[in-house]
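What follows is a set of notes on a single structure, which appears directly below.
Order as written gives the chain letters A, B, C and D; numbering starts at 1 within each chain.
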Amino acid sequence: MSMGSAAFVGRDTANSSLQDRLLDTRRLSTALAAPLSDEDQVVQANDDASPAKWHLAHTTWFFEAFVLAPFLEGYSLFDARFEYCFNSYYESVGPRQPRGRRGLLTRPSAEEVRAYRAHVDAALGRLCADGDSYAKAAELIELGINHEQQHQELLLTDILSLFASGPLNPAYRQASPGVLVRDVAPLDWVSFDGGIVEIGHGGNGFAYDNEGPRHEELIRPFKLASRSVTNGEWIEFIKSGGYTTPTLWLADGWAAVKTENWTGPLYFEEAEGGYMQMSLLGFRPVDLAAPVTHISYYEADAFARFAGCRLPSEFEWEVAASNVPVSGRTLGADLLRPMPADAGGGLRQIYGDVWEWTGSAYLPYPGFKTAPGAVGEYNGKFMCNQFVLKGASCATPDGHIRPTYRNFFYPHQRWQFTGLRLATDA
Amino acid sequence: MSMGSAAFVGRDTANSSLQDRLLDTRRLSTALAAPLSDEDQVVQANDDASPAKWHLAHTTWFFEAFVLAPFLEGYSLFDARFEYCFNSYYESVGPRQPRGRRGLLTRPSAEEVRAYRAHVDAALGRLCADGDSYAKAAELIELGINHEQQHQELLLTDILSLFASGPLNPAYRQASPGVLVRDVAPLDWVSFDGGIVEIGHGGNGFAYDNEGPRHEELIRPFKLASRSVTNGEWIEFIKSGGYTTPTLWLADGWAAVKTENWTGPLYFEEAEGGYMQMSLLGFRPVDLAAPVTHISYYEADAFARFAGCRLPSEFEWEVAASNVPVSGRTLGADLLRPMPADAGGGLRQIYGDVWEWTGSAYLPYPGFKTAPGAVGEYNGKFMCNQFVLKGASCATPDGHIRPTYRNFFYPHQRWQFTGLRLATDA
Amino acid sequence: MSMGSAAFVGRDTANSSLQDRLLDTRRLSTALAAPLSDEDQVVQANDDASPAKWHLAHTTWFFEAFVLAPFLEGYSLFDARFEYCFNSYYESVGPRQPRGRRGLLTRPSAEEVRAYRAHVDAALGRLCADGDSYAKAAELIELGINHEQQHQELLLTDILSLFASGPLNPAYRQASPGVLVRDVAPLDWVSFDGGIVEIGHGGNGFAYDNEGPRHEELIRPFKLASRSVTNGEWIEFIKSGGYTTPTLWLADGWAAVKTENWTGPLYFEEAEGGYMQMSLLGFRPVDLAAPVTHISYYEADAFARFAGCRLPSEFEWEVAASNVPVSGRTLGADLLRPMPADAGGGLRQIYGDVWEWTGSAYLPYPGFKTAPGAVGEYNGKFMCNQFVLKGASCATPDGHIRPTYRNFFYPHQRWQFTGLRLATDA
Amino acid sequence: MSMGSAAFVGRDTANSSLQDRLLDTRRLSTALAAPLSDEDQVVQANDDASPAKWHLAHTTWFFEAFVLAPFLEGYSLFDARFEYCFNSYYESVGPRQPRGRRGLLTRPSAEEVRAYRAHVDAALGRLCADGDSYAKAAELIELGINHEQQHQELLLTDILSLFASGPLNPAYRQASPGVLVRDVAPLDWVSFDGGIVEIGHGGNGFAYDNEGPRHEELIRPFKLASRSVTNGEWIEFIKSGGYTTPTLWLADGWAAVKTENWTGPLYFEEAEGGYMQMSLLGFRPVDLAAPVTHISYYEADAFARFAGCRLPSEFEWEVAASNVPVSGRTLGADLLRPMPADAGGGLRQIYGDVWEWTGSAYLPYPGFKTAPGAVGEYNGKFMCNQFVLKGASCATPDGHIRPTYRNFFYPHQRWQFTGLRLATDA
């Protein structure tokens, strides 16, 4: 059985009602957790990750705290103690289970969390049935949907981290290894003009606060690689001494290489006859034609320097993406791994396969203001010390992609589906 | 249902066959895990603790590696990868899952571990049916039984640590609070002569290697308190500034007080009208007449100094215990918490309720030699930096008690059922 | 005696020969160390700081390694082992004393380091006398001068950190407390237009590689405060709960507040009747009218949010500064502390008093390339995780200021003379 | 000049007045610091070590706080702030410079500390001239002398640690390498009877509180090696895989080997043609016939196991030493390094050369009570987690040796002159 093929496909955002998308999103979380035992769901793989059960409960709490409690008359909390358990980082809301101790919450049980989800889903149904409340809550329901989609991707990357932690290397999804050696699409360069461009979300449809305000940026002529950097190219980097040549690296990056003993991407293992890598499909030979993934910003930056190129800025990327269809091999493609670029011309892999590190620090756009109240903590307070990633990955829910999307992680983090695309000045 | 009342009672060691005791021990582990969900069993509460599932599997691996593999002809391993997963610290055996990462093993699942136990139990049955192999393996079966009993106590204390980690404070066993304010038995002193005494195991029956060789020690006249120090007495210590007076403490102890912000025993919380403490029966008012528990050696030592007394040496304790019946409120009493001392004269609570810190460093007895091979790693390599505890606790399996028993923990550790009994020079 | 009044004044860059400036710079380092005992010079105050002796030696090694060894024929190293001791971070050059262990170098002694300086100074004299070599080396001599100037400021801030580490609070310079309560200049706003502006160094005179290439940036209309934020204003922030209100802070900043127990700027201490602060003039009452200093980026950002404003971008700052005379109360003013803004209109304190945190991450300008060889490690490899500061401080050598200067520190660092100036959108 | 040959020789304790010994002790500290620059004296080599200046000042403060302030009428403190600077660990006295930050005290200067010493020495002279006060203070003067002697040894081992921290490897004392290859005295065994023996100080003369009360211990027949284990024997241990064989080690010891990457004694470096080791005479070839030194308890224990022996108990050692003259190559021998055992029969090297780890945990003797007041903190509060060492080293002041002396260090510590002597059961 392909567990998710139907469930994972995103509904067409433009033509679906908010309530339909809400239902689909809630169902998809449940479907994503279906291959996991209760044991798999409770453990926290590392300090960056959260347990799957926690993701399922936290996203539910988000609807309870920000949608049901304020907008559904007569709503009663499922369990008042869950706020402490499942509040992530909302200081305005109150104290919470410390982040590094989320994996100690064997209680409430997975079963109770499923009941919690059902309780909240039923209440959301009542809310949607009340036109007036529904209208008032719509904006926060939309936020809750998008919030849950983000956690869907995290659920998958966190499970991968967990499954890579022991000797059994279980697969989230069983799959045949398939044919791995393929011709890789040649790397071409696509050129773009400079000038004043419009950046950021300004039109219809949902976007996070950090994608606006839409504003002008000045860019210079540049070229962007037609596809992501591949595993084969990365292995060349390794073999050329990439991880032992300090002058290729930012100082903080080189410190990480030495401290963490990095010799390749996360989950890479050298084996007889090549490299293996742990993945959602288990421990498999590395596909040389597929995009490299699970690399830090530091590694992306070092590779770009090695290649005589640089990373694109987030603005360059957004300009380049503006003429590309907003689709790709995201979660609905049901592949759960990055795939080689298709043959053909022009930009490929802009969405899907792997997130692409940009050289842009994650900072507020000009005129950015946080919203009042707890939801104002959603994005703004993280605008420091992180870098912007663009695009989407094989684990990003369909419908959760757009050219203005700004994903962000710390430069040392590697457990997401992170890759890179080269850029140069024109 | 009182989950364990029958299951927890130990069989009379003297009059039971080895095989019967093996069966009982294996069943008891399963019974102890019965109130736990699979989620509860997989998580590691802290670096000192192990997951319940790991205890269940490790004790099983012990029989597989040290009894079945060498002694049962044709035995085939359940899964060769389990050695890596469930070897604890046997360097002679090979590499293993790092101690602090035992909680990441969601795979093998609890269900597979139960199957592993069944597989090994069946094989042990075949071994016992073969008189010759049974005879050869008897000594290691006995060790395996005792080893599993130690992990039974750890399973309970580790679960308590886990259940104390979140806001829900689940009870391992539901229980009514009962009547808590009771008259505490007055503390009397029992006097003992000095002289040359025989110490250590030398007779019949099982004992660990660290309990021998039996040898002479010279002791001086001393007095021992008739019962353990109570919670009520400990609260006096707290209120008298025990945790804020550095001169009461060993230097390393005072450093722990400051670093760890200790203000009372582990799991103590000041509440309106008194103190509460997390326990296997849930979060409950502290029983003033019951022995204080979950204290470090440092705290025991400071309390003794505060009281103008000292801790007994392990030799004094053993001498005093030599005329006391080897029984008490251990696991078979099915109480799961320390109880107030009975009224009456003479030494009480020597076994059961709480382990008692002694002032003796855990060191080899004169003439001690480790056994060759991996089982030689069982006790000897830990003879450094720890202190000896004597007696037994409310979580110690019946039959796992004797006067020569030497339990040992680091002086900062508090998650066991540790208490103290005062001593003075005569 | 005013120890440095003459020595500290910078020579007019435009009208001085390179050799004269070299001599002055080398003399100034020696003058700055003059009030320090050999003991003061050897100790490393913290992991961010270096010993004064190390600064004196490292700057000398810089000339030896990058100017004398390549350009002065027949130059012989003073001591070949000094490269290990005094190489800072040049991976291309070779291994070195670990950064956190610079304070263990009691040998070579301060006396030997003084001899090292004399040896190198003499050789630099010979080099300058040889017109051909001088010309070839000129660019690196210029870099060496500027490099040494940077270390002059660090020497002072590192000594302040050291002198604040013990109970004696020695003053680097004795001074009378003076009149501290003064009328503070009112805070006005100066408005600037938006548009495409030229940013970065492109003209004559020395600049670091990180100040170029000169390029166009698009900015929006903005307003800049006429002066720096004062201690008085900062104390209002403290009293209004600035350090206890998480919603004012970036998430990483709030984590620092909690972990480091920040309750005010570095060296601040609440005292009867007000605040005291350790300074180069000793432990003194805080001057309410003077700029706040020794604040992190996190604190600057939180204050700006508290004030309903924001930090300027580095581009806005540079545009604003472009019409301001390049002078201010820098090291030559011989004050060694930030002073209140002068009365009057327009922008004040652009240079001198305190460095000003901007909201710009320290990243390469478009088209930036690192130089080949070891000097390529000078700036480029730090372009990650830090923020740009503009202006100059009371400890910045005269002549080491210009509008395009990009200083940079990690957002948690506070031991420099760091302050802030508010900005808003127009 | 041999800096110390005269100064280092201890006065005959029995035949010298207390005042003479006080003067000698105070002079010796000064003499020991004479080869050090002020820079050498201010730096703290590691968290276990203290700066030489701190030793000089702390021992002076000890006399000021415990002798002069209570016993010399009209004594005025040199500087009241010095108590904060130079109190070591006396909680009863008050707060102090944190232990790990003693090296930040560039002020008070070495010069001021010398003046402090002169001030206190003069006052001690006045005290000794007043018969009545002298008599009352005599016991604490004696303690102060012995206290200062302990710090004299620490001053030397701390300086060695400092001088080993950088690339220049300075020698505390210049010396010719001398002839290093010598015939090592064969290792013989000396046998001792078992029985009840008297242990601890009970006679005349000074002893620390931790050496008493004198009491009976029961020992068993044993044999003691005639000399210390040599470097040559240790190198055999290394070459036989001593540092790579976990079963030779205590568990905590093996953890230290792995964490700290131990491959030989502290300061050992493998070189062409053999081993080198940093010493007070500089970086020199290892003398194969001399006692191994700078080893932890863990290493001593592992070596003994490797050799099929064990460490002696402190009681065995004291019994064996009771018939050996109380003399050896201590500080007055002016060698500053351990020397090969003399030829001949019977026990050699009991005192001098290296301290010998025993297998005895450092615990109170039966009946031990701490003194009231701050001096009660001298020894008692450290009776946990450490092991007893017996004898004396090449850095122990003459007169500071006796059979009952109990030195103690943590089992991982290696910066003292620590070695071992083998024992076995008879």
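Keep in mind that, in the parts below, a contact is a pair of C-beta atoms (placed from the backbone, for glycine too) under 8 Å apart; a residue touches a chain by one contact, two chains touch by 3 or more.
Just so it is clear, the structure is predicted and the values come from calculations on it, not from any experiment.
Between the contact lists of chain A and chain C, the overlap is empty. Least step count on the touch graph, chain B to chain D: 1.
Among the other chains, C has the CA centre that is most remote from the centre of chain B. If you average the Cα atoms of chain C and of chain D, the two centres end up 46 Å apart.
We define each chain's centre as the mean of its Cα atoms; on that basis chain B and chain C are separated by 59 Å.
The set of chain D residues that touch two or more partner chains is empty.
By the document's touch criterion, interfaces exist between A-B, A-C, B-D, C-D.
By the touch rule above, chain B contacts chain D in their complex via residues 89, 91-92, 196, 215-218, 220, 246-247, 249-254, 297-298, 301, 359-361, 363-364, 366-367, 376-377, 381-385, 411, 425.
If you check the complex, the residues on chain A that touch chain B are 37-43, 45, 53, 81, 84-85, 97, 101, 103-110, 162-163, 165-168, 170.
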